[in-house]
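Here it is: the structure, laid out below.
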Amino acid sequence: MENKILHQPAEFKSNQEVRWCPGCGDHAVLNALHKAMSELGIPKEKFVVISGIGCSSRTPYYMNTYAFHTIHGRAAAISTGVKIANQDLTVFTVTGDGDALAIGGNHFIHFIRRNLNLNMVLLNNRIYGLTKGQYSPTSEEGKITKTSPYGTIEHPFNPGELVLGAQGKFFARSMDTNIKLQTEIMVEAAQFVGASVIEILQNCVIFNDGAYKNINDKETREDHQIILHHGEKMIFGKNRDKGLVLDGFKLKVVTIGQDGYTMDDILTHDAHCQEPFIHMMLINMAYPDYPTAFGIIRAVKGDSYGVKMDQQTAEIMAKSKIKCMDDVLNSGDTWEVK
Amino acid sequence: MLPKISEKLIIKIMAEKKYQNVDLEDVVIRFSGDSGDGMQLTGTLFSETSALVGNDFVTFPDFPAEIRAPQGTVGGVSGFQVHIGHQPVYTPGDYCDVLIAMNPAALKANRRWAKKGAIIIINSDEFTEKNLQRAGYKTLNPIEEDKLEDYNIIFAPINELTKEALKDSDLDQKSILRSKNMFALGICYWMFDRPMEHTIERFEKKFAKVPAVAKANIETLKAGYNYAENIGAFKSTFEVAPSEQQPGKYRSINGNTATAWGLAAAAERAHIQLFCGSYPITPATDILIELTKLRSLGIKALQVEDEIAGICTAIGASFAGSLGVTSTSGPGLALKAEASGLAVITELPLVIIDVQRGGPSTGLPTKTEQADLLQALYGRNGESPMVVLAATTPSDCFYYAFQAAKIALEHMTPVILLTDGFIGNGSEPFRIPKMEDLPEIHPHYADPNDTNYQPYRRDPKTFARYWAKPGIKGLEHRIGGLEKMAITGSVSYVPENHAIMVEERAEKVRRVVEDIPDQEILGDQTGDILMVGWGSTRGHLLTALKTLRKEGKKVGMAQFSYINPLPKNTEDVFKRFKKVIVFEVNTGQFVSYLRSQFGHLDFLQYDKVQGLPFTAIEIVEFVNKMMEE
Amino acid sequence: MENKILHQPAEFKSNQEVRWCPGCGDHAVLNALHKAMSELGIPKEKFVVISGIGCSSRTPYYMNTYAFHTIHGRAAAISTGVKIANQDLTVFTVTGDGDALAIGGNHFIHFIRRNLNLNMVLLNNRIYGLTKGQYSPTSEEGKITKTSPYGTIEHPFNPGELVLGAQGKFFARSMDTNIKLQTEIMVEAAQFVGASVIEILQNCVIFNDGAYKNINDKETREDHQIILHHGEKMIFGKNRDKGLVLDGFKLKVVTIGQDGYTMDDILTHDAHCQEPFIHMMLINMAYPDYPTAFGIIRAVKGDSYGVKMDQQTAEIMAKSKIKCMDDVLNSGDTWEVK
Amino acid sequence: MLPKISEKLIIKIMAEKKYQNVDLEDVVIRFSGDSGDGMQLTGTLFSETSALVGNDFVTFPDFPAEIRAPQGTVGGVSGFQVHIGHQPVYTPGDYCDVLIAMNPAALKANRRWAKKGAIIIINSDEFTEKNLQRAGYKTLNPIEEDKLEDYNIIFAPINELTKEALKDSDLDQKSILRSKNMFALGICYWMFDRPMEHTIERFEKKFAKVPAVAKANIETLKAGYNYAENIGAFKSTFEVAPSEQQPGKYRSINGNTATAWGLAAAAERAHIQLFCGSYPITPATDILIELTKLRSLGIKALQVEDEIAGICTAIGASFAGSLGVTSTSGPGLALKAEASGLAVITELPLVIIDVQRGGPSTGLPTKTEQADLLQALYGRNGESPMVVLAATTPSDCFYYAFQAAKIALEHMTPVILLTDGFIGNGSEPFRIPKMEDLPEIHPHYADPNDTNYQPYRRDPKTFARYWAKPGIKGLEHRIGGLEKMAITGSVSYVPENHAIMVEERAEKVRRVVEDIPDQEILGDQTGDILMVGWGSTRGHLLTALKTLRKEGKKVGMAQFSYINPLPKNTEDVFKRFKKVIVFEVNTGQFVSYLRSQFGHLDFLQYDKVQGLPFTAIEIVEFVNKMMEE
């Protein structure tokens, strides 16, 4: 979809000094968000950015739109109120792995289930940045942090998996460094009708530097990342000669031209498929056995709460004889005192 | 000490006793039976018919503990008390003149509420050995066991008579027995000379599609009426004369509905969309339920995933330019504490309704109490002042909900409105206002053409900041939970600025005092004792006030609805009396708040924490005792 | 596993009057719980029953064990504390669809992720019983309830799906009326090391009567229910002639002997398979296209938080020189004042 | 009004000024630099070395706002103030005698804290045009711009000198520059004649595996020391004489560590397992961190999914027989409100720690405030009284945490312990107690052989119920959040029972008074003015007290740590003075609580809400002013 550009990305920057650490992945995400807003061609005043608390959640201050830096874990719930109050607004909910999946876990799953037309950008650095380095629900097991001096003993959530468990319709993933992909995804997410979750693998240079080194090392990343596009073959690798095929109930990495695999054997990405199973497998692919999947992994149509709410309201308004509070007050049994 | 039945209510109990008509000023009737017996409906119909013939009334439903107990047990008893009068009545009555007990458990649970010598109508068909046992009676003679010999008891075989009345009905036995409450209602209609037409019409309308059901109800009602007449049981001439009621159109309303409607009315007067985010909780759920019914007015009322989401969606809606509202009870208010602080610092309009119930913790969910006052005032981190109001009767929940919304919108502040289970579930006649007679509301909007909008610039008069709705070009801005720089609203850690902002937020709340009326004194304007109450104790205090003044005592009464800020003349009100007694259904929360503000004044206190409202009688007794001391 | 029975089921009944409505499905679940406890052969005092708030959550009062009726939504978190404090105890967490999935959603997903050795019995009546009939996160879309006079516009959660999204290791399902199956499941759940969730489809006779009529009608239920057992063929039906086969990425119901399907084609249930995809499909099977799946759908080994915690603690205790508070107080830099 | 630098601190600033040794009683040094400059470590090393030579000290770290601001900006400045004395010192000092500013932003942010004429050591290499701009200076002359002409400023090219000192090092430039803070430390060591050995040893130990790093630090430290000597800059003879300190073994401790250890000590003395369920939040996180380190003692400290899970896991652990603890700050306390009511009604031992910070809402997370007092007292639904304590200094956090646990376990009640960012992060010497000298703790266990255990039977003396751990045969029982029948603990809706239980829960908390000491008065035991404080204001009040009494004023001081219940003699304490002034870092919460309890007494108040502790100076001024009025 081509949109008429109303504002340049720079116009979305607020005059506040950006206070993230130099080198923090958040900077790139902010850039991408500014770009996406520009590309969406929506007037500045129609955007609302809502966040919780965390480094990532500082984003609202850097937006020259309407924006609200709320409280820890509640960004999803507050966004829900904003959107229901005014469906004309394009709302981005910016949150972190702690904000969304620890304290905010309940609003997160209901945000997904309700499927309002909201767009969540989840900056997953697998750590609590703002509070200076405690483990988060996405920290890998065994991780030593300030609150786990002997290593954590918890399985991390995989955000995409949880999204699917809550019946999510739109899930995408990007590396923080890939501004182009993020921008693309953000634009599509905003245009998608329903709740979208965009997981950004974000590097916290201070407390979890190198968390994604395995998959994002410049030298090898093409072999460890697969960027999916709907309708395109699932291929990757420096030489674009690796691909994914289905092997019973598992995905398998093959090299085209080896073991008899040809391009035809390679799966074609279908982001629109209602059945979640392949999406789930793609989401679960992990280093070192698999490339990590990026791009829009799932984007399936579903009824949006907001649309249904508006339809229902319109019907009720059309049908009901109760048009104003005088009608309400005088409805039912009444009597006159003279 | 149980009061004696009004001596004027002399009745003929059995055929052998002499028939006699008596005048009554007011009468209290308590319908009670198993949860499934339809007592709430029966009571409601009786109240409404009474209102139609011009009586004033106040009702109080007494639900069973929240789990449906097995049939026939005391835990499963549902009660509904109604107080009717041809003079205004202010409470559902302390004790009842007539008690209807549809089964032994109902008798067991409610006999304590019957005045000495009260009429007790018993459905004798249910007084079987098994049922008596289930109800916890140890003998087969509940009358003796409960020492009810001096009461006027009517044994009516209501099950049998209902079956008899409906012997030609097409309904099955179970359905037939379901109308037995109408038999009881019929008896009461005859006793108090109420017309049946209205009720009959109602059934015809309600059950238009199942005429058999309509007919069953109507036939049973008539059968009860005739039965009472036939046995020549008793009859009071309950004079019908709506003397002091203001002329106008009336309806019956309970506090929760009134609250919901008050909010909706405010939204209409403010030309704003109402958004309510709530999570069900007894006894507040009905506010949400009533608001969900008003979707045709564009009202969006949502059940969300929890109480925190309730307030957070409401804050989000307020940020987006709606009137955000959330309704709950005590435990839910506790969960909303953190987010309510966000509303304080972002200075968004928000109304939080707390329908108080017995605590602490889950406590007594179906019982009433006034014990969330200090939580409402102080239950947030940091210095976070909030406006706190309290409604006093079912129908004025409408006006205080309206007022809460008005203050929130005009002063850009969250407001907590306290009601409770007693007035939330209780009902009374409500004079229907015309919307155009209600005050206008002017939300404190920013000028959409302001080219230099600053989110924390304040109105010099009220200290309210200006509200800019997303969507308006040029007013883009950012707010949040961190301390903010005066005027610009950007994040600030400057020490002096923090002090300024703390003070400005407090001052903004204090200045609400300019928009609220002076505290009214009822009764004597100066004298020996001032009875002070807040919120839902109004009816009982007022009843006591009348009694005391009839006794010639110099007593006044001040019922507070504005808790924070307190009305300007508060101190003066207290100083007009020799003694001030604060009455509360908690262990003294308002009095401790008053003491913290007016340290130099003396306050006496009378508290009750039984999950029940006061009785007017205990109030009178205490005032008299203090009079003597 | 055969256990030595120490107490008869009746010994697990407390002296409190049971206050559920006559006909409520909760009664049967209580029976099953008493039976399972008896069969487990664990001394009465080692059991703890923890609940939140709701009709279902009244269970603690009816147990003659240690039991705690807590607050709404927090049963999972409180159980976590109980179990970590004393791993010797066998803890049953009893909750409802509102308690666990509305207000308690966050603790629910973390309960699963953490994988402590806890056993959750989730009574799903698709309604709020105790507060008299509002919709719950499992109420079907369009349902008219007290708070949805025009019908809900929310997709319901499928609890099992959410369990899998949170990386659940044990999920089972039973009808309330099937006491035998419930008892079996509860016994296995208690013996399983890790967090188990048992969803009971429970009928609320007052506010949602007949919610499961479609699948539990006496006449037809054998055709609408499939009871899965690990290692056994997935067959069902009055005549035990229907079965499930895999058809591409979907399950398909076939009749043995028709269209060329033989018993060999029918899938064998593997509850222990780590990959969640088939379990997810089984969980998602819904009336009228599929039979509803019952029994233990998933039971895969994983590290339990409790076990890991104990191991880690033992290691640390063995290795550390800090043995008591005097050691702590005197550790690091100190100086003497004379 | 800024105080002048101690006149005794006369120093030779530059070569041309005369060298002179002076005696100092106490001195305040403030290290400041960019977040990455290692100022916290520098300050800590200085404090510890001072302690080793026998000085008393109090420190206060002043962290930057929680996000790392870009290097060189005012937002990113990190400060650490230490007050050392050879007499006891009670506060980190109001203003500093020596300020180290590692870059222009540090100067900009901290010059307000320097006494008139203070020594300011500036890293001149960082005072480039770009950096000055970044820091917000408008000119190239910060001295003039900030009006610092009368200050004693030393421009030291620290970057260059550090590079020079390490020119033979194998480290890269970046790593080399990282030790520049040691250069500053070296200067200070020379100035105040501190030995370097201890610090050198420390580096050798810490960096045993990277000797190059150890060496770099040590060399730079020495270079700074020598530089100061070489430029003959200045030197004070800061007398080393630990006069009033009790003999014993000491360590440095901050309040959060002390709190964690106090809890652990209590668990050990009670022979019970400690369980802590918490969620990170500034400035409380360190308590959790410290507890997680103590796993070898069997302590289970867990980071859980949110604050609600924190308190709920703790309640679960308490039910299971552990000492349940949860630690948080204001917003987290708000979230725990509902669950804390469950602990009240189930009467389980539980310790809730609230390390207060600036509010409302997210407020000023890294700044200190005392504004959660009323939330702690009243922030729960229903009548839910709780014990509330407040620690007064970093080291006595240990004893109050211990005491909180003792009360919880012996009285079967939740206890809230209030500390704050000021004492939580601040440190001071701590005389290491022997565990055997600490009081024993006797959890209020049920008799395991009780054949008729009743969960709500109470100890007639304390009203505590008896605690039965799951696992014990025969003590099986059920508890919950609904109101319960006295003694049996089964659910009860009986009105009179509710009244009894409300009263018993309140009485149990009141009776804790029997186990707490009388309120102590420091200074004059009777006189003109009583200065009242609570919690962390102790040091500033005490400093002011000493000054005032030196001036000959009749002044006493009462610092409260027991907030609910208040000590028995509280009223008597107030009555001994003509005037009572309550000092608080909020808008008057404790004073409003006192007024609600002692309405007939008069209280004056002095409040400050700047996210900062008091200064002793402002206290002295206010008392003097009140003296005159």
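Residue numbering begins at 1 within each chain, and the chains themselves are lettered A, B, C and D in the order written.
Here is the rule we use: contacts are C-beta pairs under 8 Å (C-beta built on N, C-alpha and C of every residue); 3 or more make two chains touch, one makes a residue touch a chain.
What you see is a predicted model; the values in this text were computed from it and never measured.
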item: Chains in simultaneous contact with subunit A and subunit B; value: C, D
item: Comparison of A-D and C-D by number of C-beta pairs in contact, larger one; value: C-D
item: Centre distance in Å when subunit B and subunit C are each reduced to the mean of their C-alpha atoms; value: 40
item: Separation of subunit C from subunit D, taking each centre as the mean of its C-alpha atoms, in whole Å; value: 45
item: Distance between chain centroids, defined by C-alpha means - subunit A, subunit C (Å); value: 30
item: Contacts with 2+ other chains: residues of subunit A; value: 53, 71, 103, 105-106, 110, 137, 150, 309, 312, 316
item: Residues of subunit D whose C-beta touches two or more other chains; value: 65, 75, 295, 305-306, 331, 338, 342, 346, 361-362, 480-482, 491
item: Contact graph of the chains (line, ring, star, complete, other); value: complete
item: Parts of subunit A lying in touch with subunit D, wherever the complex brings them together; value: 17-22, 53, 55, 58, 71-73, 102-103, 105, 128, 130-132, 134-135, 137, 146-150, 206
item: Sites on subunit D touched by subunit B in the complex; value: 65, 75, 329-331, 333-335, 337-338, 341-342, 344-346, 358-367, 369, 371-372, 374-375, 377-384, 480-483, 491, 493, 495-496, 498-499, 502-503, 505-506, 586-587, 592-593, 595-603, 608-612
item: Interface residues, subunit B side, partner subunit C - complex; value: 65-71, 73, 75, 279-282, 285, 288-289, 292-293, 295, 303, 305-307, 331, 361-362
item: Subunit A contact footprint on subunit B (complex, rising order); value: 48, 51-52, 54, 198, 202, 242, 245-252, 261, 264-265, 268, 273, 275, 277, 294-298, 300, 302, 304-306, 308-309, 312-322, 324, 338-339, 342, 346, 431-435, 469-482, 490-491
item: Footprint of subunit A on subunit C - complex, ascending; value: 103-106, 109-110, 113-115, 137, 150-151, 153-158, 161-167, 249-250, 275-278, 280-281, 302-303, 305, 308-309, 312, 316
